[in-house]
Structure formats: structure tokens, C-alpha cells
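Chain lettering (A, B, C, D, E and F) follows the sequence in which the chains are written, and residue indices restart at 1 in each chain.
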Amino acid sequence: MKTWICPGSFDPVTSGHIDIIKRAAKMCDRLIVAIGINDKKAPFLTAGERRRLLEKSIAGIPNAEVDEFQGLLIEYARKMEAAAIVKGLRAVSDYEYELQMALLNKRLDEGIETIFLMSGINFSFLSSRAVRELASNGGDIRGLVPDEVLDDIMAKYR
Amino acid sequence: MKTWICPGSFDPVTSGHIDIIKRAAKMCDRLIVAIGINDKKAPFLTAGERRRLLEKSIAGIPNAEVDEFQGLLIEYARKMEAAAIVKGLRAVSDYEYELQMALLNKRLDEGIETIFLMSGINFSFLSSRAVRELASNGGDIRGLVPDEVLDDIMAKYR
Amino acid sequence: MKTWICPGSFDPVTSGHIDIIKRAAKMCDRLIVAIGINDKKAPFLTAGERRRLLEKSIAGIPNAEVDEFQGLLIEYARKMEAAAIVKGLRAVSDYEYELQMALLNKRLDEGIETIFLMSGINFSFLSSRAVRELASNGGDIRGLVPDEVLDDIMAKYR
Amino acid sequence: MKTWICPGSFDPVTSGHIDIIKRAAKMCDRLIVAIGINDKKAPFLTAGERRRLLEKSIAGIPNAEVDEFQGLLIEYARKMEAAAIVKGLRAVSDYEYELQMALLNKRLDEGIETIFLMSGINFSFLSSRAVRELASNGGDIRGLVPDEVLDDIMAKYR
Amino acid sequence: MKTWICPGSFDPVTSGHIDIIKRAAKMCDRLIVAIGINDKKAPFLTAGERRRLLEKSIAGIPNAEVDEFQGLLIEYARKMEAAAIVKGLRAVSDYEYELQMALLNKRLDEGIETIFLMSGINFSFLSSRAVRELASNGGDIRGLVPDEVLDDIMAKYR
Amino acid sequence: MKTWICPGSFDPVTSGHIDIIKRAAKMCDRLIVAIGINDKKAPFLTAGERRRLLEKSIAGIPNAEVDEFQGLLIEYARKMEAAAIVKGLRAVSDYEYELQMALLNKRLDEGIETIFLMSGINFSFLSSRAVRELASNGGDIRGLVPDEVLDDIMAKYR
């Protein structure tokens, strides 16, 4: 069974995340959407909130599930016996950072592959930060976040 | 009457800003230089200080004026009935970020255009942050900020 | 009267070009879509063919017209008494090249501005070269070129 | 059965290609290494030569095979019932071009995914062109091409 | 006597830093490895700790020494009568920032050159931040930091 | 004695080249400006013409001389017992290509360093190609090429 991990902070989940998750889920047997918990960075939503939004958003994808991890991603991937880490790419600046992380992770564990998918064209400008800024200023976030959690996110930020 | 908006934090205004403002003012009927007020980021200068420096610097441009806005830039542009938002570009990293914001703003209001002008070659290395660092360490900022406010900025940071 | 110039080789015109032309035409009084004729580069379509496709495509834009030029763009812009050259930007690699040309043109004539508009998101992957490759291999180019010239381009390349 | 396609011109195959091919082969059931035949570009090696070098190089990978295609990659992928196209990424300039091709291919067939793997760190500077230049100038290409074809390539270019 | 300065925050020193320092030391008479002390940014290690790690790491390089500086780098370089500032480059994002700083420094003192060396290929993914994250999460940092200070850094972060 | 090599095609020499050559000459004992002769690429000027223009342009730099080389740069550098190859950098796209070449050259000879200097700000838009295009279209190239060869280059291209 081929397990892939799709890591992120999902603060909050966006339609761009779900696009990547759906496409990745088609290519593996089990996709773990893994929320990184980092004690040093203060997230906008708690781990529990981020998890609930994600779970609602991926309810329709049978081989995807949500989990949380602390510490090094590569250690978590090893523990879950994952074959690959999958990431979405948007701009060139994403690419450089992700490339560095991928090279570092490869050095730490040669056996775990990093796979890049490009963001869908309609999500190329979309980030959790943009959603937060729009939502907290009364902007329209319809289409930018999964329909299933639109009301939750709007309620949260209003 | 064609209104354009030139947004920024102007903390403080630099000669690069004024170069873009002058060139943009020639291409529209009314140019609003709009200081973004963001409660979450602590600016180095207060909104009032940034405004006074800008007003002094653009006193000679008849169709330019200074204003402040809070919340979403695109909402502000709509309220001012602006035809376009105008931005200066320097490095590639600027470009990526500005492109994302432009695409996001286009999605929020198809009718408001984002226009990019390239920074004058002598200002391609110049940023408000560089001015702050130089000024607070006793470096020479002549030419990097408008002559009209050179003394004010030096007094402020010394 | 404010004249802007939108230069290119338009070999052939794409929907991305028309998107930029429409948006630019709204911001000036007269927009000259200027086909660059370069004796050293062999185009796929003749200047006459490129011109006819462009003319058909912009027939509905009252203040836009097609012209041809040889030699330096900045000389042509000066001769037409243009206030600005307008260019569409897609990827970062575009940006670097266009920035260099803009800086060079600014050095040759300080009075003519270069204005950048970002490509519409659905055209960010689109180029004349991609259209040529698709069309000559029987790919579907609907939506990638203006509807008015779809049949002409398909006939040309088949 | 999950078929992936790894396209390229392989003129000639390099150690960087083989690194990507090996890693991709582990993630799918059948990997087709597909040599693009383009009548307009004159390759350095004939299609037959490129094929023989590739076949020798991947002899040890049981689920990988070599094929050739003409015309649009996406049509070929569809014909082979491939689930994905897999590409190696090195520099940022690669990334931009590949991203454009991936977006274009996605528009032509939503159902075929493009997957990016990063080049192994020791191959990040390596290209077929570099191999050609080294080999034809008597430079040492050991390690830059698969051991199995080192002598063939050296003989070819000497 | 030609003095070069290699500035950084070295929080902590990595094998990538030492690679650049060794190569730079070969090209000048005296290399000052200068730790930037910035009261506004809280480093992870104190200036004293960073200095001791650096001194241990470069003990074998006869013409290299460690120093600290506050304020503007260019003022410090002038005071030390340095002919050049030497920096290592990794990704494109490094490059853009370093280029801006180099242009700014050139404006402040035309006589002091900025020299760029590329990072060794095995250190292209390596940063002080990556070392901190690995070390504090129990990851293996062998090879990523100089052998001479491996135990010190592991003790510090455990 | 420290020998550095500044390679290029110099077709023709520009003021940007001379800026790099002057700055590099200050940092080494002997600077060889080496014209790459490539039988496969047709230059605009012959090797002899390029050499004469270069020699006239660097006549005032006592420790710089002009030479020509064929084949691999790194072999030539080794033969000349050079300690380093020095290159000017302008845009990000330059950087990527030069970085790849530097990594490749490092693999071929660990002992020869590649050193990057950034182009002077007034030459960041300048290339031999731009000079050729301007000169052959009657544009003004004053300041873009060394004064010593301005008339020669204008005569050549008119």
C-alpha cells in the first residue's frame, strides 16, 4: 500500500489545498493530510479548528485522512511509512523554498520522495494568508475556500 | 476623469516612491497616494508622520494628493471610483508578490486594473527598510529620500 | 490625445494579446497595435497575414488600430508621439527581459513610459509559439485565439 | 495499472535523466521513457541512437521501457492511457517553462497529471547540452552519463 | 595587504559558511569573519557563543580571524580598510537580496567591492535556520556543521 | 602571482564588460580577458575585430591583456594557471546559467574558483546584443560602449 503525505499548516484550508489533495489522492493508496503543529509560530486557528475544517473539506475523498504532527516532517513521514511527500507549487518563490526543503529531506532520508504538483491555474494567487486578510476585512471568499467550510470560516473571522 | 491610486506604507517615503508617483501622475487625471493603515503591523512612523512627509514631497505635483485607507485596497479603490492601481516594480521577488496581489484584486473587482511601472534604475536597490537602516545607523541618505523631507527624516531617526 | 503603443510580433495573435489590447485601449485615447517587422527573424506568418488577423480580432475596439514598424521601437514610438509603450507580463522570465528592454528604452528616450499589465490568469500559459505548435499538430486551439480568427488560423496551419 | 510517461529529447541521456527515471519507476506500475521526435529541430544523435543509449541505460529497471513519439505529448499520453507525465526540475528557469507546459497540457486534458521531481543535487548543473560540449571538447564525462553508455557516448563525440 | 570581510550572523555557523570562508581565504591576505550584532533581532545564540563556535571552526585557516560589528557593514568595512566584502550565494532569492545590498553598499562606498562565490553543491540547501530546526528536533546534523563544533551545537540545542 | 580570467564573446565589447574588467583587475595580479572562439556559433564580429576593440578598450589597464581560447574554458584556465574565473552578473536569468556553469567547472577542476561581480547599476540593462541592435538601427550607443571604440563600432554596423 502506497502512502503519501500532504503536509501544511492549513490556517485555514483553501480551495487550492483541496485541489492538490484531490489530485494527489488519485495517485496513491492512502493520503495523509498532515497539519504541522509548531509551538513557536502562533497560528490564527487552533490545531483543533484547522483539523475540523480539513475533515469537513475532504469528507468526500475516501482514501484521504487528516492527522497532526510535531517536529521534523521527515521523521513523521518515516513513522507513517510514507513513500512520498506531496506539495503544491505556485510561484517561483514557493519553488525555491520547497526545493531546499526537498533536498534537505532527501539528505535525511534518501528513501522518501518529494513530489510536486502545480497549483490549478485558478488558485495560483491563493494562500491561507490572502484568505485570512479577505475574511477579516469583509471581503468575499466564496470559491477561495471549500464550500463545505465557507460559513465556518466566515463566522470565525467576522 | 481618470483616477489612479498609488498605494503603499511609505514608512518613510523614498525617492523611488516619488519617481513612480511623478510618472503615474502624468498618465492620469487624479493620482491618490494612499497610505495603507494596518493595525496589526507596527509601522516605524505614525500615519500622521508618514502623511506629512508625503504631502511635503509631492507638493509640486498638482494632480496628486495624499489619503489613508484601512482594510482591503480593492474596496478603497472602488469607493474612490479609481480606474487603476499603480505599483512600482524592482526585483523579481517584488514582481511575484505584486502579481499575486493583482490577480487576487482582479478576482475581487474585474473593473479595476493594476498597472506596473518599473523603478528608475537608480532606485532599483532602494526600499523604505534600507532608508530606515541607513538613517538609524548614521548613514548618508541624501538622494535616497526626497530633498524636501531629508532633514525631517534625519531628525526623526537620529 | 494620449497615444499608447502595444508592440509585438503577433505570429499569430492570441487571446492573451487581445486581453491586453482591450484593457490598454480603455486607459488611453488611441492604441496602436504595432507589428514589429524584423528582416533577420523568419516569422511563420507574413506581415500581411499577421496584420489581417489582428485587424479582424480588434475590429470591435474603436480606439485601437494596427500598424507595422521596422527598426527601433523607441524611434517608432517617438514618431507616433506616443506617451507610453504597453506590454503584457506572464512569467518571471518575461519580466526580466521586458525590464531590460524598458530600462534601455528609458535611456534612449526619458519621455516615453513603459507600462506593464499582467496577463489574465487564463492566458498565463499562452504564447504564439504554443498556438503554432498546437495548431500544426492538430491540437484544439479554441479559446486560445480570438474567435474571429479561429478558422483562419486553423486553415493556415493545417 | 498506473502508466507514467517520462518525456524528453535525451540527446544524449544523462545521469540526471536516469536518476529521475529510477525514482519515477518506483512510484508507478509502468514507466514509458518517451523520446520526442521533432522534425524541425535537428538533434545531435538520431532517434535510433538516442533509443539505443536509453535502452542500454535502463536495462536494469524492470517496469521501464523506451518509446518514441511525434506531435503533441498530451495526445501521446492519452493514447498510451497514461495517468501522469513526470518531469525533473533543476533551475528556476526550468520551472517556469515546465509550469507553462503543464498548465497548457492540463487545459488540453484535465485528466492527465503532470508530476515534478527535483533533480538529485549532484545533477542540478547537468544537461544534455553540457554533456555534448564536454564530450566534443575532450572533457571528462564520467559520472555525468550512465556507466553503461559512457564508451558509446565518448566514441560518438570524439 | 588585501583584507576581505565575510559578514553574517552565523547563528550557528554551518559547513556552508566554512566552505565559503576557506575558499575566500585563499584569495586574499587577511579574511575577517565578521559577526553582525543587531540589537533588534534576537539571535538564538549569543554573540559570544557564535564567536566561540566560529573560532573553533576556522582554527586551521591561518589568515582568517573572527570579529564582531554593529551598525552598517560598509562603515565597518571602511574602518577595517577592507578591499572587498565576500558573500556566498545559494538560491535565486539569496541573489536578489544580496544584489540589492551590494548596489546599496556600492552607492555608500564606491571603493569597496562585493564579491560573490557560489555555495558548494552539497551546501545549496543548507542554512543556519535549517540547522537550528534539525538540531532542536533531534535530527542528524552531522556534515551540516563543522566537525569541530558538532558536539557543542548538539549540546546547545538538545 | 594571481592570474584571473574574464571570459566572454565580446561581440562587441560593452561599457558593462569594461566596468567588470577594471574592477577585477584591481583584485588580481594579472587579468586575462579571454575571447571564446566557438566554431559552431557565427559571431557578428570576427575574432580579430573583437580582439582589436578589446585591446583598444583596456589599453589603460596595466595588468589586463587580451587572449583567445577554443574548447573548454576550464581547460584554458588550467593551462594559464589561473586561480579564478571572474564573471559579471546582471539579471536573475544570468545568475542561473552562470551558476550551472560554475558548478560544472568546479566538478571539472576543484582548484579553480568562479567569482561573481555584480554589474554596475548603469549597465544592468546592457548586453552586446542590445548594442548590436541599436547600432545597426542607427540608435545612439554613446556610453554603452567604451569611448575608445565608439567610432569603430558605429562604423562597423552602419
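Going forward, a contact is a pair of C-beta atoms (placed from the backbone, for glycine too) under 8 Å apart; a residue touches a chain by one contact, two chains touch by 3 or more.
In this text, all values refer to a predicted model and were calculated from it rather than measured experimentally.
Participant: Are the two sides of the subunit A and subunit E contact the same residues or different ones, given that same means over half of the numbers occur on both copies?
Facilitator: Since fewer than half of the residue numbers are used by both chains, the interface counts as different.
Participant: So, comparing C-alpha centroids, which chain is the farthest one from subunit D?
Facilitator: Centre of mass proxy via C-alpha means gives B as farthest from subunit D.
Participant: What is the Cα-based rotation angle between copies subunit D and subunit E, on a 0 to 180° scale and rounded to a multiple of 5?
Facilitator: Going from subunit D to subunit E via C-alpha fit gives 180 degrees.
Participant: Just the number, please: Cα centre separation of subunit C and subunit F in whole Å.
Facilitator: Between these chains, centre-to-centre, one finds 34 Å.
Participant: Whole-Å distance, subunit B centre to subunit D centre, using C-alpha means?
Facilitator: Inter-chain centre distance comes to 47 Å.
Participant: Indicate the residues of subunit F shared as contacts by at least two other chains.
Facilitator: Residues 92-93, 96, 99, 103, 121, 124-125 of subunit F touch two or more partner chains.
Participant: When you check every pair of chains, which ones turn out to touch?
Facilitator: Pairs satisfying the touch definition: A-B, A-C, A-D, A-E, B-C, B-E, B-F, C-D, C-F, D-E, D-F, E-F.
Participant: State the interface residues of subunit E toward subunit D in the complex, per the touch definition above.
Facilitator: Residue list for subunit E touching subunit D: 92, 121-122, 124-125.
Participant: Using the touch rule from the top, collect the residues of subunit E that touch subunit A in their complex.
Facilitator: Contact set of subunit E toward subunit A: 90-93, 124-127, 130, 133-134, 137-140.
Participant: Which stretch or stretches of subunit A touch subunit D in the complex?
Facilitator: Counting only subunit A, the residues touching subunit D are 2, 23, 26-27, 83-84, 89, 92, 95-96, 99, 102-103, 106, 113-118, 120-121.
Participant: With touch defined as at the start, can you tell me which subunit F residues reach subunit D in the complex?
Facilitator: 71-72, 74-75, 92-93, 96-97, 99-101, 103-104, 107-108
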